[in-house]
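You will see chain A twice below: alongside chain B first, and alongside chain C after that.
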Partner chain A sequence: MPLLRSGIVRAETLVDIRGVVPRGIDGASIGAGTTLAELECAPQIPDVLREACRLAASPQLRNMGSLGGNLLQSTRCWYWRLKWPCRLHGGDECFAHEGEHREHAIFENGFCASAHPSDVAAALVALDATLHTNRRELPVSDLYHLPRADDRRTTTLEPGELLLSVELPPAERSVYLKAMERKLWAFPLVGVAAARTGGVTRVALAGVAPVPFLLQGSLEDATPLPRNAYKVDVARALVKRALAALEEST
Partner chain B sequence: MPTSRRSPLLRLEVNDHVYELHAEVGTTLAEALRDDLALTGTKVACAEGHCGSCTVLVDGVPTLSCITLVHSVADAKVTTIEGLRDHQMVHAFVREDALQCGFCTPGQIVSAVALVGATPKPSTDEIRHAMAGNLCRCGAYPKIEEAIRTWQD
Partner chain C sequence: MARLIRTEKEVEGRYEEVWLVVEEDVLEQWPAGAREIVGRPATRIDGLERARGEAVYTADLKLPGMLHTAVLRSPYAHARVARIDLAPALTMPGVHAAIGPGELDVLVEECGFHGAAIAAVCADTYAQARAALSRVEVDFEQLEVLIDPDEAVARGQLLGEPRVRERGDLDRGLAEADVVVMGEYTTQVVLHNSMETHQAVVQWLGDSLEVFISTQYIWGVRDEIASTLGLPGDKVRVVCNYMGGGFGSKNGADDYTFIAIELAKRTRRPVRCALTRREENLATGNRNATIQRLTIGARADGTLTALGGEYVNATGWGGWSSPVEGPMQMLYACENVKTTTWAAKINQPPMKAFRAPGFVEGTFGLESLLDVLAAKLDIDPLDLRRRNHAQHDGADGRPYSGKNLLECYRRAEPHWERRHEVRARSTGTVKRGVGMASQIWYGGGGPPSYAWVRVGSDGRAAVVTAMQDLGTGTRTAMAQIAAEELGIPLDHVTVSLGDSARGPFASISAGSSTTPSMGPAVRAAAADARRQIEEIAAQRGTPDAPLAEIVGLLEDAQILGKGGRGPNPTGMQVLTFGVQVAEVAVDIETGEVWVDRIAAVHDVGRVINPLGASSQIEGGIIQGIGHTLSEHRLHDPRTGQILTTSLDAYKLPTFADVPVIVSELIDEPDAQLTNLGSKGLGEPPIIPTAAAISNAIRDATGAEVHQLPISREEMLRALREAAAREKVGAPAGV
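Entry: the complex of A and B
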């Protein structure tokens, strides 16, 4: 709605998709229309996803917002939201590089320094969940696309393609930790999702790159901008705490 | 009145009354409530889903009317602050003086009513968690919390 109102998104027609997008939890499959509020209190959902939903937004937004919608939300980059002619809008400059970038990306930020705001996406990347659309089945991380000069999209969803459901693999233990500007109801400065299955631990971060960021190398490889290096420290602390939480519970 | 641009009649149930109105697709629930039904108790502050002042109940669930399209709630029951005028929570806010400018108060009360509907004696943590989406720029939070904690007194 706010994107429509601000003119960033234009639509000739509005379609109510609630009739075709499943809602509810069926075993390990979650309908993309399930609300965050429904997920955060479902005992069979892994901790990392429940906690990511609980911390994702205000109570009203969690009542209204769906899993699918959360995965497809746009960046909070203020230059993009204010319609500056930035690279995501097809321009030739990332204004955050020289401008205000306290909340921006510390990884993969050379072309566009926007930060991906979805806590839920980080949780699903850590869980290595699978998405089902009306056309294909794909790992959650393949939904996202790092914007670059010849393809500035941030997702790989095609016109006419709808997210229908998410399939969760089993997770033995998982956790979500989030640093915010205030204690509740804020977008992540850094969100850390960690999940362990069969001796393998996956860690994914929200708020640190233009897409949900699967941590494969070291946090020391981050490329912070002059005024957001604090995010590296925050990420280091949260990753350490998350891994310790996974250990504790064995 | 020209009919060519008129949208189909929409049926909307608000505070146990059924209203019929013409609303363009894209009209928000807040706009319909305030501009078409003259239910101006619902306040719009940020108009983009951040502040909670426009909170109403949709089938009993706290919902931001400023980013809800009115056509999406045509089959639902909407409750606004006008429908809660006899609720004890209103008296609790008055008794505890739980407001200063009062602009956020309708939304605060709507969220609080939903909370105590599900949890009649909420703990401080439960109150803070459930009320996190209703911002008060005057900072009346301690008294809002007290009003909710003592709403049945």
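Entry: the complex of A and C
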């Protein structure tokens, strides 16, 4: 809806998909139509996902917003939202590079410095969740596509393809930590999701790259822009705490 | 009786000498302390109407046949409209009229900021107007953009001459100092973002004009429109019964009103021009950014010997130079003070007054640097402020009409004492501390303002005055004053306001002036009615009979009392004072700042409604926290275009950001000021909040923040700087 209002998306007709997208939690499977409010209250959902839901948006928005919708949300990059002819809009410049980029990406930001805003996506990447669409099954990381010159999409969803459900592997321990500009109702400056599944710990970050960012190397490999190096400091502190939390709760 | 006087009139720190006809103020003040009604908490007399959605705001108004307007605004920070063709818009469905540059003064060809109004279209629905607007063909010639305020000053691109205010000799004061501290502080652009966006609905009735508008100044809008259109004042009726806030941004008629008036004239239909939230974030004014380069000199005992400030107001394409140097000039006793203030004309949306303009920004710089001085001298910050307490106005020696700042400090002591216990709760990564800051501001109000009070045979009274209730609870306060004076219950008083055709002239609601300007007029009118009732009682031979019994004899006759606001005391400074103590926690690894508690002690003379007063304090502090921690109107540094145009990008505080707020008022009538002794409280509570928080951060961590908002970036920078200082061996905590 915000994209319609901003004129980024145009539509003659809106189709209500609530009839075909499952809603609710069935064992390890979560319908893509399940609201964030429902997830944050469900005891069987891993901490990282519950917390990511609880720290997202406002209570009113979480009562309406669905898991699928959250995963497919677009960046908050102001240049993109204001329809500047940026690379994501098919242009030949990332205006954030030389412009106002304090909320922008510190990883994978060479082509486009937009930051992915989804707390929930980072949580699912850390959990290594599997998505089911009406056409395929895929690891959540494969839903996202790092935009580059020859393919500027940010997701791999095809026209007519619908996200139906998410399947969670059993996590032993997990945690989500989030830094934002106020105490509530803000997108992450940095969100850190950490989960241990089958003895393997995965850490994924929100708000630091154009897609949810699975941390495989070191935070010291970040390539911050002149005015967002603080995000590396914040990420370092939150990753340390998230890993400590996984340890503590053993 | 009316009297002609020459007096100084002050609104938000701007003075002018004027001739004024004022009413004598013959009433004695009530003794200090709570009365039957005044001084006791009263819930809002219009609270239910508002809560039930029955109160009609300008935004609710639907007149038969009313058209809706969309405004084309410049997408560039500096551009000239090279060609514009409105014709394609006029062929669109539902469209009635379109106007462009050259057809109305507020529609410009040279756009000096992103958001400048260029053209407007009105149609049967707002959606049709918007759709038509997108068909207007415009070619822009882009012009050079200047957005760096220092560069504008260097180039001499200024709004007016620099303002130099000097007393004593700054250099001598610095030479006499044992310690000199210097610092550069910057503050950001913040927005009013009132709940109700700027809007007006207008209709022509023959040669008369009705203007329904969300405004802080009914009479100012009336006169501005009348003089612009060349109409007699009483041909313009301005109505504002309820409004959703203004914070200084709704003092004038503005582009949207004149657009609606012109379109209504052309279409012979009522026309609404209501700005969107996005326009609200572009073109309806702001608290401008400032750069403050400050120097303080003091003797070893803490006595201030020199205060120097060079201030740059990043004013924007228009507006005025806010008194950012005011706190340095006024807050403390110091013989040698020199400030220079430049107003940089840059390609940014023009500033407007915003809740204590200049003083909020200036207090942040001055009070932050004063704590640096306190640490350097190893003097308790509260003691340092006491030591430099001003006994009279520093600039011209005028006495204060009333000043209880020392009493505010005394009342702040228990809150200040908490610092030991607060600091002790620090952990390895979360450091806690307490900081304080003083407040000085105007708020005395002034003449003229008038009210009528009508008492009928049912023993009920109506207060009639063409003032506006900005949303601050003025209606209730005025009802309390009339009820108190007449000796009748509060629910026997109605207040009829908000309509220039139905009541006498009333003050602007700005500069914390509504209560001190209007309250004495309402009391005078009620006293005039009471005197008439007493005369009737005396004639009847029952001088002590209750009011209800006397007016019960009236049948259709009415008692009509009228009252005016008397003059302010001559030769005196009428000011408000206060202090706030903030408790914060800082996560030194993530730069997160929590404000846990703010205690506010303010001196604003007699308090009419303690419940309304505590709401004002809470509102001011919450808005102050937004200013301090999260709000920031951002622009692209290369083009000057505004980037935060919606409330998800522009971060107002939420309830989760609100700390424990403890508010206290001295509640001592100002014996020199009017028949009430009351001053205004709209602005004082927002003034010291940022400085108290930044000083608490310093107390907690040793880090000196120099920028608002105190973002993660600024907090982590200040922490790194403090750590580096400690490494090179400077004393800890300095």
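Everything below uses one rule, namely that the second predicted complex is superposed on the first by the 250 of 250 C-alpha atoms of A that agree within 3 Å, B and C clash if a C-alpha of one lies under 4 Å from a C-alpha of the other, contacts with A are read in each partner's own complex, and residues count from 1 in each chain.
Simple rule for what comes next: contacts are C-beta pairs under 8 Å (C-beta built on N, C-alpha and C of every residue); 3 or more make two chains touch, one makes a residue touch a chain.
Treat the numbers as computed from the prediction; the structure is a model and nothing was measured.
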Exercise for review: Check whether A:R102 is in contact with chain B, with chain C, with both or with neither, and answer first, second, both or neither.
Suggested key: second
Exercise for review: Report for A:E167: first if it touches chain B alone, second if chain C alone, otherwise both or neither.
Suggested key: neither
Check your understanding: First (chain B), second (chain C), both or neither: which does A:R227 touch?
Key -> second
Check your understanding: Of the partners chain B and chain C, which touch A:L82 in the superposed model: first, second, both, neither?
Key -> second
Review point. With the two structures laid over each other on chain A, which partner does A:D47 touch: chain B (first), chain C (second), both, or neither?
Key: neither
Review point. Looking at the overlay, does A:W185 come into contact with chain B only (first), chain C only (second), both, or neither?
Key: both
Check your understanding: With the two structures laid over each other on chain A, which partner does A:Q60 touch: chain B (first), chain C (second), both, or neither?
Key -> first
Review point. Which partner does A:A237 contact after superposing on A: first (chain B), second (chain C), both, neither?
Key: second
Review point. Looking at chain A, does chain B or chain C touch a larger number of its residues?
Key: C
Review point. Which parts of chain A are touched by chain B and by chain C alike?
Key: 2, 58, 184-185
Point to revise | In the complex with chain C, residue positions of chain A that touch it | key: 2, 58, 76, 78-79, 81-82, 95, 98-100, 102, 179, 181-187, 189, 227-228, 230, 233-234, 236-238, 240
**Study point:** chain B partner contacts - residues on chain A that touch it in the complex
**Key:** 1-2, 4-5, 14, 16, 18, 37, 57-61, 63-64, 184-185
Check your understanding: Which part of chain B faces chain A closely enough to touch in the complex?
Key -> 25-26, 28, 47-50, 52, 55, 61-64, 66-69, 71-72, 111, 128-134
Check your understanding: chain A touches which residues of chain C in the complex?
Key -> 587, 589-592, 594, 629-630, 634-638, 641, 643-645, 648-649, 651, 653-657, 711-713, 716-717
